[in-house]
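What follows is subunit A paired twice: with subunit B in the first complex and subunit C in the second.
Now for the complex of A and B:
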């Protein structure tokens, strides 16, 4: 009997990865089909993100930098939509740029869905998409000196200086804050190093869960005024903004898949400790 | 002169951009802005260089019928197609370029990234074995953060998110900040060595 249990544990220790894959696929897919809607509270970094936008006066101009690609969309797209929703609810003017080439069509789609589709905002008056510019940190610094000369035309080819929203906008001094939706490099870290410390402008960041720990020191030092970390951050933010979206819907899948991973780690360790004595004897 | 001139250019350029950070004088920043705009143009040309390099390297592989040459044909065809569509017919919503992006590149990139979930699960199963005290510390913290960061953690114990925030704000932050400060000091010293000409490997040779 004991030998049989040991054999089972040995096979569990070397569990085929395909079995893990099947369990993860089920843990991700099933809660999407049968949602559980487990409730959750809002964490302080997310609350700070929301409050920093909420504290801006109506009509203030905000720079929204959408620096991500389709690969990080599951985490960042929900927070991009939610951020646009809050900005539109507050009647803030949105000036968007992208430092990732693949971010431009995504920002455009987000504007069409939220600013135009939900709030009926007018292009060039309430929001503008300046598009993509290569140059990473150089572009960030250049915007601090002159925005219209860095982006002479917008994503649609219009002259930036002719757009009503750009009236009186020369550099960061004319903006209330920056919101960065960051999928990697260039992203939040570069905005902090090149812009926040140099031009003294408020920055709030939405980033992938894997990069969120990197930004906690900046959040504590006050260089970041708020942080949305991954899909959970997006879900909490959606709750504050008042419209349930993809972030909230993904939470059940994430909960169950994390639980499944935890169970596998537990099984792996039980099997490891149980078979260790036998291995030592051999 | 072949060494001295590049060293002088490097010193002057480095000194200028460092001084721009600390001197908020209008004329100085205007000159710096002009240099920045030049830099943006030069970086844009790097794209042309990159595309030319992709064509050169991959067309050689196709010509010699080397291993996986068929994939290179797909790569070059895709490159040519997107350049023609983008330059010829525009990139805005409603164009073929945008359609290809939203219906081919977007799902392919999302699929590649989604596969990570499976590999991370499999890697976590094998990596988090408690073989030593350090591994135990790492494994327990990882599990706490993993469960505490999702709603089910809060459902199981309502103080779970507070515990996770404490882990992120105290031990994690302390370690992260120490690493960042160490790395920054290293970067500063390397930068200074390059500026004053002590570090010359960027010029090639010994």
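Now for the complex of A and C:
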């Protein structure tokens, strides 16, 4: 009996990786087709993100920097939509910029879906997309001196100074806070280092899960007023904003696939330690 | 318009499956999708840089008479001297300016935003009147001190210093584990995004 178990464990050690892929594919696909609606709670960093926007007075102007690309859309697109939704619900004015060239069409699509499609907001009055500017940290610092001279025209080629939303907006002093949807570099870290400390403005960040651990120290130090980490953060935020999106829908798949990975790690370790003695004897 | 969207969806689904086919093994479908992606990305970036950067930031103002921009224009041209063996050293002038500006900006940011404020944030009271908060502060302080001891190489890691360094390794390992967990979550999210597209937009299996 013991030999038989050892043989099974030995075969598990040599398990073809493609079998694991099949299990993962099933764990991801099945919960999407048959949702289980596994419940989850809202964590303090996400609650802070929501509260920091909620605390702004109606009509305040917010800078939304969409610094990501289609590669990180599954994590950041739901956050972008949910953030726009909350900003529109609160009647806040959105000034969007992108430090990633690939972020411009995504920000534009998000505005069309949420600001125009759901809230009927007016371009140039309630929101504006200033587009992409090359220069990374230099652009961030330059915005602190003069926003219209850094972005003389918007994404559509309109003169920024002619847009009603830009009236009275010169630099960060005229903005209530910055929201950064960050896919990497330049992103949240650069906003913290170059803008938050120097220009004393509030920053909330939505970032990929892979970069979230790097930003927790800034949350603890108060340099970040809220943090959405990956799809889980997006799902929690969608729950607060009150509209289900990909973040919430993906959570069942996320939970089940993590469980499958956990089981495989467990089996792999049991097989390794059980067969190690036998291998040593041989 | 609807048919264009349909073609786009089928094209995206086909290319996604081509990329996923690598999970079985390397094959011509994967190679095709990979090469197509690299080519399209390079073309997209070239157009984007021309229309979003070169023209609005340099060419258009220059044509309107903003002659000061001749200086960055000349510096930009110097970067292309890297393609010649005789004149490649000229590109160093432009590179020196770029590196100098970015280094200057980064040093200020790291000094004020990272170094000073992060040290300040780690100076925490070990007893706050709340057990959980005190425990957190205590763990954070021990983690910072032992982590710093681990990276202190001027003294051999023996005795008290060695014990501190070993505890520091534990803290580092736990943080690496947490980071790896987040990485797994991130990669799974990307897979979920693609599968959601295949099952939803392409096959209409998701309501």
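Basically, the second predicted complex is superposed on the first by the 281 of 282 C-alpha atoms of A that agree within 3 Å, B and C clash if a C-alpha of one lies under 4 Å from a C-alpha of the other, contacts with A are read in each partner's own complex, and residues count from 1 in each chain.
The criterion applied here is as follows: a residue touches a chain if its C-beta (ideal position, glycine included) is under 8 Å from a C-beta of that chain, and two chains touch if they have at least 3 such contacts.
Owing to the predicted nature of the structure, the values given are computational and were not obtained by experimental measurement.
By the touch criterion defined above, A:192 lies against subunit C but remains apart from subunit B after alignment on the C-alpha atoms of chain A.
Legend: residue contacts after superposition of the two complexes on their common chain; A:254 is shown touching both subunit B and subunit C. Residue contacts after overlaying the shared chain place A:222 against subunit C, while subunit B stays out of touching range. When the shared chain is aligned, subunit B and subunit C each come close enough to touch A:24.
In the superposed model, A:243 makes contact with neither subunit B nor subunit C. Set side by side, subunit B and subunit C differ in how many residues of subunit A they touch, and the one touching more is B.
In the superposition on chain A, no contact is made by A:90 with either subunit B or subunit C. Of the two partner chains placed around the shared chain by superposition, subunit C is the only one that A:153 touches, whereas subunit B remains out of contact.
Shared interface residues of subunit A, touching subunit B in one complex and subunit C in the other, are 21, 24-25, 28, 71-74, 104, 134, 136, 138, 141, 198, 209, 213, 217, 220, 230, 232, 254, 257-258, 261. Interface of subunit A with subunit C (complex): residues 18, 21, 24-25, 28-29, 32-33, 71-75, 101, 104, 131-132, 134, 136-138, 141, 152-153, 190, 192-194, 196-198, 208-210, 212-213, 217, 220-223, 229-232, 246, 249-250, 253-254, 257-258, 261. Those residues of subunit C whose C-beta lies close enough to touch subunit A in the complex are 23-24, 45, 48-49, 52-53, 56-57, 101-102, 105-106, 108-110, 112-114, 117-118, 120-121, 175, 178-179, 182-196, 199-200, 205-206.
Looking at the complex, you find that subunit A touches subunit B at residues 15, 17, 20-21, 23-25, 28, 38-41, 43-44, 69-74, 102, 104-105, 108-109, 112, 133-136, 138-139, 141-142, 145-146, 149-150, 155-156, 198, 209, 213-214, 216-217, 220, 230, 232, 235, 251-252, 254-262, 264-265, 267-269, 272-273.
For subunit B in complex with subunit A, the touching residues are 21, 29-30, 32-33, 36-37, 39-40, 43-44, 46-47, 91-93, 98, 101-102, 105-107, 109-110, 112-114, 117-118, 120-122, 124-126, 128-131, 139, 143, 146-147, 149-155, 161, 165, 168-169, 172-173, 176-177, 180.
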